[in-house]
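The following blocks contain the structures, represented as C-alpha cells.
In what follows, subunit A forms one complex with subunit B and a second complex with subunit C.
And then the complex of A and B:
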C-alpha cells in the first residue's frame, strides 16, 4: 500500500515540477535559474514578463482546468456509479461553453466580467441537473451516455445557430476555441474570475465525498447505511456544475481528462470513489499542464488546441473502457 | 428497547394498492420471516416501514418517532437494512464494503476510527470471511458475496435487522449458513425481519411468520400456529400437506 500512501503527495510534487517546467519551455527557453529569479521578483524585466504574464498564468490555468475536470469526473462517476461519466462526454462542458459563447456574443459580458463565468456555470448546472434527473429515471448506463451525446450535439448545433444569427458577427476561430478548448493567452484576471466558483465547487465535492463510497452499494443499500440520497445528488450535481462551469469559463470545453485521470487512479485507492477525488484532480491537472507544454513546443503552423490533444489521448481510453464493460453492468 | 412498528400502513402507487392496512411490530429477540408470493407487497412493506416510501395512510415508527421524519443516519444506527443484492459499482475490497456498514457512525473508508475498525473486524470474523478481507469483491462467489453483505449489515451493530431475500440464489449449504448467522445475531439480542421464499427454512428458523397476500397481512404468529396446508393453498396456490412443520408439496392447485 506504499504506492497509495505516496500517490497524493507524489502527484502534487509532479504538478509543481510540471508547472515550473512549463515556465522554462517555450519559443525561447529560459534556464531554471532565470525562472527562479523571475518568480522571486529578481531577474530582468523581460524574464519577469514572460514568466508572470505569459507562461505561469497559462500553466496555472491548464492545471486548474484539469483539476476541476478530474475532480468533477471522479465525483460524477461515483454518483452515477459509472466509469464513463465525465463532464465532456455527458455534454456538460458543451452546454457550459454554449452559454458562455452566448453571453459573449450577445454583449452581456459588457455589463460585468462576472457574467462570463456565471453563464458557463449556469449552462453546466442546467446540463448536470438534467443528467441527474435522467439518472434517477433510468438505470441504464447506455441511455445516460446517449443523453449526454444528444446534449453535446444539441449544444453544438445551437452554437452553429449562434454563429449565423448573433448580432455581433464573430469568427469561426472564436467558436472553435470555445468548442475545442484552449488556455492560450490566459491571464491572472481570467483565473481570478473563475477561481471563486472553482473553489466553491471543489469544496462541495470534497465535503460530500464520503457519500460516494456508500453509493458503491447501489442507491437502495446506500440509503440503508444512512446516506441522504437526495442531498448527495444535489451537492454532487452542484459541485460538479460549479467546478466544470468555472473550467469552461477559463478554457472552453475540454473533454476526456475527467475520464482518464480517475481510471488511472482508481486501482491505487481500492476503487473507492471518495478516495479517488483528490488524486484524480491532481493527475488531470498534471495531464493538462503537460499536454499544454506539448501544444506550445510542437512545431505546427497553427497552434494545436489543448482540447484536441486531450481528446486524442482520452477518446481512445473512453472506447477502451466501454469495450471492457461487461453487459451485466448495463 | 428499540421497537419498529407499522400501524395500518397503506401504500398506493397510482391505482395500484401495494400494501393495505398492515400492522406489525419488530423488537430485539424476535426472528420474523415475512412470507408471501411474488408481488404480495413484502418489499413495499419493509421500504415503507423504513421510511423509504411515503405511506398513503397509516404510519411506521421507530420508538414512537415517525420513520419518515427520521434522519437517515439515526435510522441506520437502529436498523441495518439488507436490500435485494445488486452488483457493486466498483470492485472494492471486501473489508471496504463491510466498512460501509459503519457509514452512519461517520466512518470514512481508508481511515476508520478504532471503534469502527473493531466493529468491522467482529463482523468479518462472525461471518467467517477473514480470509477474503483483502480480496476484491468482484472475485467472490455468490455465497461469499452473501456473507460479505451480512457482515456489512452486522458491522453497523444496530439492534434491528431487515433483510430482503438474503438467501435468494444461494445453494442449500449457504442458505443454512446465512440463516445461522442471522439466528446468532438474534440470539445475541438483535431483532430480525427477513423476507424469505423458502417456507421450510422460514418455519425452522423464525420465531414468527408473517404471511402476506395481495398487500394484506393474512396471518401473523409462530410457525406451529400459522403454517397449515390450508394457508399454503390460500397464499401460494399450492397443494401440500403439513406435519410437524414438515411440508410435502404436491403441486399447484
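And then the complex of A and C:
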C-alpha cells in the first residue's frame, strides 16, 4: 500500500525533475545553475529567453499533452471497461487532427486563432460521441474497438486525401506534423489557446470519476447504486473530447500514451478507474516529456516526431494487452 | 515578365498532355520526372534543359551567366544572352564596392534558413553580407542563438506567397523568430526572385546589398 500512497506525489516530483531536465537540453550549452537562475528570473536576458520562451514551453507542452491523453485514456477505459480504449486507438486523435488540418487548410484559422483548438475539439467530440453511441448499442468490446479502428482509418483516409491535394511541400510538411504529432517550437501562445479546453475537460473527467468506480460493478449494478449512466457517458465523452481535442490542437495526433500509462498505474490503485486518473495523467505526461528529450537527443538528420517515438513505444504494449485478452474473449 | 505570363494556358507535366500540343521545343526544369527529357527527345521534340544554379558568377559549373547563355543559345538568341550576361556582370561589379560585412539571417515561413552550400548563401555573400548561420546546408532557424545574438539584417523570403501558409510547427511562428521580422532591418525577398539561375536574381542581390548598407 505504501507504493500506492507515494504514487501520485512520486510521479509529480518525477514530472518536475523531467521538465527541468528537458530545459537543460538545447543548442546552447546551459549548465543547471544557469537554467535554475533563469527560472527564478535571474541570469542574463538571453538565458531567460531561452528557458522561458523556448525550452520550458516545449517541455510543458509535452507534459500537458501527455497528461490530457493519459487522463482521457484512463477515463475512457473506465467508461467502456476496456483497457484498449484510448483516444489514439479509437480514432479520436485522428479525427481531431483531421478537423484541425481542415480548418488550417481552408484558411478558417484566419478568422480567429481560437478556430484551430475549437476545430480539433469539435473533431474529438464528434468521434467520442460516435463511440459512446456505439458503446450503448453494442456490448462487444471487440466491435467497439473495431469501430474505433474504422473511424481512425476513415480519418486517416481523408487526411491522405488532403495530403494528396496539398498545394506545396510546405503544406505537406505541416499536415504530416498534424498526423505524426510534435511539440517542436511550441510556445506559450499555443499553450494558452489549448489550456482553457484542457482544464475544462480534465475538470469534468475528475468531477465525474466516482461513477467510473461504480461502473466496474457492471452497468446494471452501477445503476442500482444510484449512478446516472446517461450523464456518466455524456460527461466522460465531453471531458475526454475536450482534453484530447486540446492536446491535438497543441501537438497533433500522438497515440498509445493513453494506453500505456493507465496500464502501468492500474495495479497500484487496485484497478479502480477513479483512482487511476491522476496518476495516469502524471505518468503519461512524464512519458511524453522523456520521449521528447529522446527526440532531441537521438542524432537523426531530421528531428524525429514525438508521436512516432510514442507509437514505437506504445504500439507493442497495445499488441501485448490485446494478446493477453484474447483467451477471455474468443 | 511574370505579369505577362498570367493567363497563359498551363498543362500538367504529363507526357500525353504535352505531346498533344505538338510543341516545337520543350523547355523544362524538373517537371514530369527524371525521364521526361529523354522521353520527349525520343518523340522527336527537342528539349532545352534549364540548369541548376550553384553560384552567382564563378569559373565553376552552374554560374548564373553560364545558365543565361545556355538558355539563350538553346532558344536561338545567343546575342540576347550575351547582352543579359553583360548587364548582369555590370550590375555585379557595381556591387563589389559595397562590401558592408553586415550579418544576415535568411528566414522563410517554413522556419528554415541556410548556411553555406546554397545559392541563397552565395547571393548574400555577393551582396557583401556575412551569413549569420554558420553551419552549412538548410537548417531550422537557430532560435536559441537568436536569444543571445541578433543579425544586422533579416532576409525574409516567400512571406508574400499566399498559398504558402505557415506550418503550425514552423520555427518562424515562434515568438523569438517573429520578433526578428518586426525589426527595421528586414529585407523582403519575393520568392520568385530566388528562382535558380535567373538574371532577376540580381534584383534580389541588389535589394540585399541595399539592406546591408542601411
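Keep this in mind: the second predicted complex is superposed on the first by the 316 of 330 C-alpha atoms of A that agree within 3 Å, B and C clash if a C-alpha of one lies under 4 Å from a C-alpha of the other, contacts with A are read in each partner's own complex, and residues count from 1 in each chain.
Note that contacts are C-beta pairs under 8 Å (C-beta built on N, C-alpha and C of every residue); 3 or more make two chains touch, one makes a residue touch a chain.
Model, not experiment: these values are computed from the prediction.
> Overlaying the two complexes on subunit A, which is it for subunit B and subunit C: clash or fit?
Pair status: fit.
> One more residue to check, A:81. First (subunit B), second (subunit C), both or neither?
first
> What is the C-alpha-centre angle with subunit A at the apex and subunit B, subunit C at the ends, nearest 10 degrees?
160
> Touching A:53 in the superposition: subunit B (first), subunit C (second), both, neither?
It touches subunit C, and subunit B stays clear.
> Just to be sure I read the superposition right, which of the two partners does A:244 touch: subunit B = first, subunit C = second, or both, or neither?
Once the two structures are laid over each other on A, A:244 reaches no partner at all.
> Contact-wise, after the overlay, does A:220 reach subunit B, subunit C, both or neither (first, second, both, neither)?
first
> For A:275, using the defined touch cut-off, is the partner it touches subunit B, subunit C, both, or neither? Pick first, second, both or neither.
The answer is first: A:275 touches subunit B but not subunit C.
> Between subunit B and subunit C, whom does A:185 touch in the aligned arrangement: first, second, both, or neither?
Only subunit C; A:185 stays clear of subunit B.
> Looking at the overlay, what does A:27 touch: subunit B (first), subunit C (second), both, or neither?
Touch partner of A:27: subunit C, not subunit B.
> Nearest CA pair across subunit B and subunit C in the overlay: distance in Å?
Result, nearest C-alpha distance in the overlay: 40 Å.
> Once the two structures are fitted together, what part of subunit A is touched by subunit B and by subunit C alike?
none
> Mind listing the subunit A positions that touch subunit C in their complex?
For this pair, the touching residues of subunit A are 26-28, 46-47, 49-50, 53-54, 104-105, 107, 116, 167-168, 170-171, 173-174, 177-178, 182, 184-189, 252.
> Quick one: in the complex, what on subunit C touches subunit A?
109-111, 142-145, 147-148, 163-165, 167-171, 173-176
> In the complex formed with subunit B, which residues of subunit A make contact?
Residue positions touching the partner: 81-82, 210, 213-218, 220-221, 223-228, 266, 269-275, 328-329.
> Given the complex with subunit A, which residues does subunit B contribute to the contact?
Interface residues on the subunit B side: 50, 52, 71-73, 75-77, 80-84, 86-93, 96-97, 100-101, 103-104, 108-110, 136, 152, 156.
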